[in-house]
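Each of the next two complexes has chain A plus one other chain: chain B in the first, chain C in the second.
Up next, the complex of A and B:
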């Protein structure tokens, strides 16, 4: 119960923190709409107007991932800049309970992107929101938040050791969008990418959302997304603890 | 000669001091890997949707690749002076600030050209694009024109940093809009008229058009009008940046808000 409370309050606190930044808010508001517009015109140009809803959902999920990636890359670095990394690492709880809310909050706030792109598509382009499985769509969205948040923790844990985590985070937007099939079906990619895509929670999250939108077996994809997310969580926790020890031993924890 | 020296050496020094992505890790990750992944994403999306052939996306995204370095570089050239507390020293200089800041665009444009060329090379190596050898000088010219126009566009955005506290919002949103409005990834005839009109006034649009003509083997004569338009757009942003810098400098002196963050 205490663990759940720590996670929930930590996530809420971080989400509030993010909402105080005009930079974060402005980007979160505008960029998903630009991506959704781009996706709509591309799918129209490709003479596939029947897939516009799928495109809007894909663009929304791209926004969620962009938010998680920026948040995970910035989670540790931001604490360093603010001089609070050492303080949060000194808390008596496991570091994962302190860092997971930082990345989970970005997945929660990133969900705005999903809602915004759907509404943008409906209001501006008249795309009807006819979801094949509305309830499962809600469940898939929650699974995506959880899965991407846990994947974000794995990324953030590796950033403890890095001074310039952005260098790794910046170019990871497009590869994950591509490999996870958020807009481009995985089947058109080279065969060697399939095993990589299969172990990404984002792939299964995207598949669950797509199946909930156009029809298909949603629940197995949700299950796999959550299972892979849990693997990321365990790996992230182990790495975080190990990297934290190394950073403490080398006295580099607070060095930006 | 002194003016050229100020532009050259001043620009190089400012690039080294203010461009946050000069470390090898940041440079490789943000400026080389990022645009390559972007190119692959749109090329595969284009293949799947059959919107256009690979050349359309590879050449377009290669030209656009310069925008990250140039738009953010131009912004950093002004905004980071303020962040590091050195803006006052620059504005106290007895030399023309217009020349000082125009000079700063040159290294960013050179950098943008390098990145665009690298991204194009990646398109050739990874996706098998064939470009006639005779088109290469013209392509270099198109990439250079796009980079220069983008650099001045970035400087105009950076000038807003003298007036607004968080200029990074403007540069991030502008960079995203370039993706949509320049017709790099969506054929322009598929866009609404107002988007096409806005796109005509943005950097990259005409350079991408020229580069596509050149890569298709149409020759420099066919691409020359688009190249000319790109240079005109770049010159327009150079003048706009100079005007904005002058106006906002005067205003920030009057309001004593020069170094307010």
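Up next, the complex of A and C:
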């Protein structure tokens, strides 16, 4: 209970901090419009107007993922620059409790992109927002935040352990969009991608959102998304502990 | 197995490995701390005094679990700083000088809420605790403003409030008054003295002699990564007993003249402090030798200001200790 509270409050305050960055705000205003446009033209060209809403949802999720990837990949490095890494590592709790709010917050602010994409789609292109399961859509959105936040934690801890791993962050944008079926249905991708897609929390988050939009079981996908997220969390926790130990030995918690 | 000592350290050492150069990287090792032994009693206000680069921050970071010592051991209230980090971290607070380490785009209140949560302050106590601390550091009424608009002194006070959230038994303050204006620095000293009066153990690092003198029960003078002297301010002051100090204001003293001063019979210590165009020369000598005449003779031809001969202060004792290192 205490742990959940810490995670929740940590995430919300962290999201508040992020949402006040001029850079983030500018991105958040522009990207969803681009996403919505992308969705519309991709699918108009493909002559499938009935799938416009589905496409807009997928595009919105791409926005969430972009936010998690850029935000989480550099989350720890960023704290180091702000001079707060030492202070948060000095808390008498497991480092996961400190780092997960950082990455979950990037998913929360990313969700704004999801909502904004749908709104832009509605306003500019007249895509009606009639969801098959509105309630389940809300649940799927929360599952996406949690799942992507936990995935983000794994990225954060991996990137901080590997030198210059941030260079990896940007090229990861597109493969995950594609692999998780945010952009096009997984069924059109080559068969070898299926096993990779199956272990990504993003795939199941995207699927849950799609099922809530056009109709489908939703809840199993939510469950799998959260389960895979938990696996990321456990792996991330192990990596973070090892990072902490190494950083204390190598004096890398602060800038030299 | 809580100990009666707040801090016990034996043979602490720390080396840093750095890489410099880009095309042809060169590895260097810096021996920042070379064997520090310390014990600090509960409730003591302990000063770690030394010039820049002396190893103060490194020592503090080994004690507060941020750095693993290269050699030696340390315990906080009996808990090992390398292995029992959670037990140690529950009992310590850490505040450093400068204006980093806060979330600028959040208000002071949000900063404190965030850290109160992370530091495990029980939810039902948080509100009261935060209000108390805002009051203590004099930020009540400004707590809803974003930190980015705060002055250096306000940030520093917020830092202190943050470090005290979980009511630590041992508080590490690393140069808290750096970059803070004199009035704010005085306030800060009053706050620190108040904390110690209420039973907290405080370790304070500073390179301001006067600050250490005013606040600390005991002072360790550290230089070159080693403790050069340790004692109460009065004990340290007696290091300069039997000495006399000549102070000369001068303009444009060449290095050769200063070396010449150092070579004079009876002279123990010579330091130069630049004050704008002016240089303040401080020459310590044995009290029974009157060196003033010799000093002025060596400085012949140089434009001089005020010349003064006086009893040594704690500052002179500090200069003597660091100079002897």
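Brief remarks follow.
Heads up, the rule we're going with is that the second predicted complex is superposed on the first by the 250 of 256 C-alpha atoms of A that agree within 3 Å, B and C clash if a C-alpha of one lies under 4 Å from a C-alpha of the other, contacts with A are read in each partner's own complex, and residues count from 1 in each chain.
Criterion: a residue touches a chain if its C-beta (ideal position, glycine included) is under 8 Å from a C-beta of that chain, and two chains touch if they have at least 3 such contacts.
This one's a predicted model, so the numbers in the text were calculated from it and none came from an experiment.
When both complexes are superposed on chain A, chain B and chain C sit side by side without a clash. In the superposed pair of complexes, A:92 makes contact with chain C only, with no contact to chain B.
By the touch criterion stated above, A:83 is placed in contact with chain C alone, chain B being left untouched.
Note on the composite model: angle chain B-chain A-chain C, taken at the C-alpha centres, equals 90°, rounded to the nearest 10. For the pair chain B and chain C, the least inter-chain C-alpha distance in the overlaid model is 11 Å.
In the superposition on chain A, the residues of chain A contacted by chain B and by chain C do not overlap at all. Listed in rising order, the residues of chain B touching chain A in the complex are 23, 25-26, 28-30, 33-34, 37-38, 40-41, 44-51, 166, 168-169, 172-173, 176-177, 179-180, 185-187, 190-191.
Against chain C, in their complex, chain A makes its touches with residues 2, 5-6, 9-10, 13-14, 16-17, 20-21, 82-84, 86-93, 97-98, 245, 248-251, 253-254, 256. By the touch criterion given at the top, residues 22-23, 26-27, 30-31, 34-35, 37-38, 41-48, 164, 166-168, 170-171, 173-175, 177-178, 183-185, 188-189 of chain A touch chain B in their complex. Across the complex, chain A is touched by residues 16-18, 64-68, 86-87, 89-90, 92, 94, 98, 100-103, 105-106, 110, 113-115, 117-120, 123, 162, 166 of chain C.
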